[in-house]
């Protein structure tokens, strides 16, 4: 464990939970985030940083040219936690506006060692688009569904597959979506069993959980 | 207009809006409801009474043997407003628990002159059940969708038909349904256009609105 | 169906629901919106784009000079879906601040083929202004009511007309309007039957639904 | 001031605010309420007790035969605070179900010395019923409007009179009324000036405030 | 009545309610607000404009040099509705941060003809400051109380005076104030009778209502 | 598929999702529930019925003596879906009051074929009780955490294990638990990754999801 | 530590936190509560049981005649944790309806070893009643304030004393109190520093915390 | 008492509550804040100003070079209220993002005379970090716990110490944290006794209350 006054790096986290600590950049100053990342690299811990704004990513990339940054998902990675394993995760996004959250899920699961298939723009307003992709989705060991507004896609998919669905409500929409509340409540109360839900816009959490499930028992 | 101290019967409502006044029995004493119904019958106004509990219905039936009562929808009718017209309304209920509200919609629309097809238990958890009934549903000029929990059925159907969908959220469910809020928000924020929504558990309002649409332009 | 990685154009939507897909620009990058519009034009699909900010509209107009843009309603159209048909929709706005939403309803319904009458500034604080316009409003086959604050105008009008009312709550106001919640709840719980409600600020949805009703049975 | 262990009678309240203390019976045991009323009578203070259930009222009437009880408003009075003065309050109830709250307002204002006119069943679904009674309502120095559901009646009346309107939301209704929230928000956000609002179902508070206004400056 | 396409000036409002229309500038474009004000001046109607931002005020002052503007309350006036009458309103503000709302109440009531006393910074955290000013406050025929956070000042004052209290919750504060909700609920549920409440931050509404009460019966 | 007027048994559900349909008894009449169960037995489908009240269970047991009923979890089963497989689920309940929900999870997972370990009364107020049981919990492939009030146990456990955690908020508690909202929000926003959440009191959903994860890839 | 299948008695809690475990009876069956109490008595742990309904108390008193039960506060005690120490806690209740919660605070603090003064019916509607008791209240080392409705009493007292105030919102009231939410928000957002808040109706928690403060540093 | 038109300095507050008034800068103009601070210095009152933005701090420092400013906690102090006394407060922050609030608590308590230990980054996701610091934390007479998201750290610590815990929910997080609501509800409903809660992000209030407790009885 390394203490930096404002933060304590949990260097034994991998031993305890099987995974290294992840850096949540929102709410940290750039100085704090940079120091934490530097400290982790000294310990040879692979880095996954979430909610990383572009200016911070640029500073990291100057110091650590091997880092990689995706401005859509706002994920920054240095190194990789594990080689891609067997098993597939499908990440399904209802609409184009849900892509940033979906890509956060994809990037997180890939960093942690999963193979991921991204399927986009298959919302329930045109449900035949979903059926066209169903054979691909059914190849996965776990499905992440990312949707805003009424969040209904999660329940529809859970009724069509035989694997766990991790649902991610997004804050996409306006008015009575109330910042993602409509999708959150819809996903929690779905009449289809086989769904569990993470926080609004929490693509990271969904990718992490899907990876745990994908690797369960290995 | 007839004044009864606690209520004023709107005897000209039919002239103004095309439809007679409806008696909402919840929140009225049995004495008040009985007096209002008696007063309407004196004026030869056909009666539709909603949220009528069984003891009140029994009292009405003693005095007005021609009245009809359905304990599931809690609708009581005396006479009929209009003969069945051309045009069809489909009322689609997601689950068995949504039937009381769905039947309130059916009974209201039939009283007002519409032909109605009731389709039950086609929730999104097993969406193939919906597809089996789709040809029937597509014959309607307007579709009423009754669903609790996530209320997703409304959006799925609206993406499959070319007529207006009137969505009725129900208070079916527990926990994060919050008394119908989850279905209400889901239906309001659906990504499918062609949906408008009435109050939670308001089968009457949906049947009334569907009938207006069914008869539009006649 | 055309797949563009981030979006899949639903080219058969017209066959299925009678109407082409609409482009919701909020939450999409300008690049994504432009690509979708271009793709639809290649397929000869008339375009209706909502929530279009001015810079995006300018880019579209450079490439597609036949496009039209209204900065108040933020609607951009290219081509037109259908010639104006018989039948009239009345769009009634309670106050000046409700105009952007009202005009989104007007523009949507006109694009889809309806004739529309816009009536403005007839809120309940001076209800005689409404009565002055009532004869005009009564000519419509469906009435859209756009109102913020307490949203009471919808119930008042529904008690005065014999056609369906589509109510649009707006987020106009401050304090206990809570972003449109006060008008939304007021419209959902109105004691007048014949009202159904769309999402807060959803002028598009109201215009779409009103057009469906206007054209019902043709 | 008299101390009774569980309560302290504010015997000087009349000197300080011009009015004696009122007994709110809900949440008190019958024994506590009886003791407080007895104590007030010893001090020759006229009693107004609100939310009085029938069994308690019977016990009071046994001991104090001069007491009066109205089971609709649940008001119990012993003696009277002041002779009826000049000036008139109009209490307007939207529907039959709002009568218990409206009568609590009437009884409170009469006990405190005001003349009151009760106008019932003039909700906005049939607004002509309101216009028929408008000349009467306009004779009042202050108008109390009692309404549930969307609560729109308050705004309509405030646009038609030149005196203050005290609005009382009621918990009448179901679904998205959320126990009176819809009417409360509607009344608070009304676009008509000249309205102020009391708690949901608080007929007592409205009658008290209306009486203060009626007597202002005497 | 004058129709301007986006607005209809209610030129008979004074005849109907005793007061001219007020211009609510938020949600209107500067062009719309200027046109409305110009139209009212042509009809010789004195103007009270609320929520007027400084740039708009400057434009008005260029055209109508007799207009007056207060940047704290954001009130703009042209002319005056009535000479100051007998009777006094006390406007009491809990804290310095409540001053903009309090001054909106003061300016509104003065424009409409009332004399007003403003008392500031007498919140309940130091209640002796209130007692020092109580003799002054008791001279008023109606008291407006402006407070954020817990809004407790309204209940304390209502227990100390014999005239109506109009309570204005403000959105001052952070965290669990939830934009003024804490003060709003506190004022609505106060155990002191004699309080009625207007919308959050609605100094205008409070000043208007207080003026109505002050002038009641004249 | 078998149609019973009020319900349609999804006899192909097992082919589609790998699992048979489950009967949710709340909101159904006893007659409806009995008919559905009888119909499933005719098709040789093993039955899991949730939220089964005792009187209904007695009726089932009269007709189907091989049925089993647990009054704590309110689960009724007839037959068993699959033999117990390898792999272990740990169900951890924070307090004694959480047991009914925890046992619903246990019974569901066992019916579907999982081995389950139930660990009780290890809430965070005495966290050493959790550490005493940690070695047992770590043997599981997936952990279900059932907790009301602040729901913090889920986050604590997720920081200590390397497998997925399914969190079930319960409605245990009073006041600011708001029917399970406090635990629900706490679990959704936990700073520990590796948690996904089901509906309040939804022990069935948690057991179902945990079983899916336990069997993933077999 | 003693394990009873449904509960684990934390017999070392006193060593760890200085206080024994408390039995929260709501949500437990009578059998469970009785077994827990019996188990604690075997270990010679003094018992404080909260939210104990009368039938359970009777059963306990049969087995443990030395137990004491107060039906107002619903506290049951067997033995006593500590002799009364120096230092005084004042528990101040705003109204008669707040007494059950206030007495729960009194009984808890006395059980744990504090001397307690109970002051009743000093709500802000008649604030002079508070001033009459202020000298007594100021003798305390910590003040517990119990109030429903707007909860304003906490802020008023905190501005008048120099010791910590523990505020307990109660669910007393109706309408916009929303089950104690109004008092909770009011107390959390009070402008007086020196207040911290416990859960709605949580007299136990307030008494426990007040006792900790009273004994701090001994 | 000194009156400045917009504010009244409570110069006797120290006599009444033992502490001088604190300046809350949010919601005040810089001019108002400067005038209040200047006025307090004339009276030789030590100044603690909260929520002070940097530009205001610069202006104060120009006029009062002895003032001190911390940009993280946004506290500005001039002079000091009291020398550090015996007794220790522990302020424990769950994560790096909670530091600004935690430092506001630290600075407030130090200004008022307490010794404070700050412990950072010991959230429940890695609970062993907390155990490493537990011996230090246990030396305190009162513990302030600052945490966002689920706020679970407060309950965990309260189960491990024998002194009062003051919990501060923070608005750190996104989605279902709803601006700090998740942590607020979690802390209020914790199953550990010995916790009381201040407003979201109210580090000042927590530091103030902790200091009162630390000094209780001196």
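As written, the chain order gives the labels A, B, C, D, E, F, G and H, with residue 1 at the start of each chain.
Note that contacts are C-beta pairs under 8 Å (C-beta built on N, C-alpha and C of every residue); 3 or more make two chains touch, one makes a residue touch a chain.
The model shown is predicted, which means the values in this text are computed figures rather than measured ones.
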Considering only chains that satisfy the touch condition with chain D, which of them also satisfy it with chain H? E, G
Return the chains common to the contact lists of chain D and chain F. B, G
As a quick test, compute the distance in whole Å between the mean CA positions of chain B and chain F. 35
Between chain E and chain G, the Cα-mean centres are separated in Å by 43
Per the centroid of Cα atoms for each chain, what is the distance between chain G and chain H, given in Å? 26
Multi-partner residues of chain F (at least 2 other chains): 16, 95, 125-126, 158-160, 175-178, 184, 188-189, 193, 199-200
Could you list each pair of chains that touch, in label order? A-B, A-C, A-F, A-H, B-C, B-D, B-F, C-D, C-E, D-E, D-G, E-G, E-H, F-G, F-H, G-H
In the complex formed with chain C, which residues of chain D make contact? 94-95, 123-127, 149-152, 155-156, 158-160, 173, 175-178, 181-193
State the interface residues of chain G toward chain H in the complex, per the touch definition above. 16-19, 22, 87, 141-142, 158-164, 166, 184, 188-189, 193-200, 204-206, 208-209, 212-214, 216-217
Which positions of chain F touch chain B when the two form their complex? 1, 5-8, 10, 12-13, 16, 21, 24, 26-28, 32, 36, 169, 171, 179-180, 184, 199-202
Per the touch rule above, chain E residues touching chain H in the complex are 95-97, 99, 120-122, 126, 128-129, 132, 172, 174-178
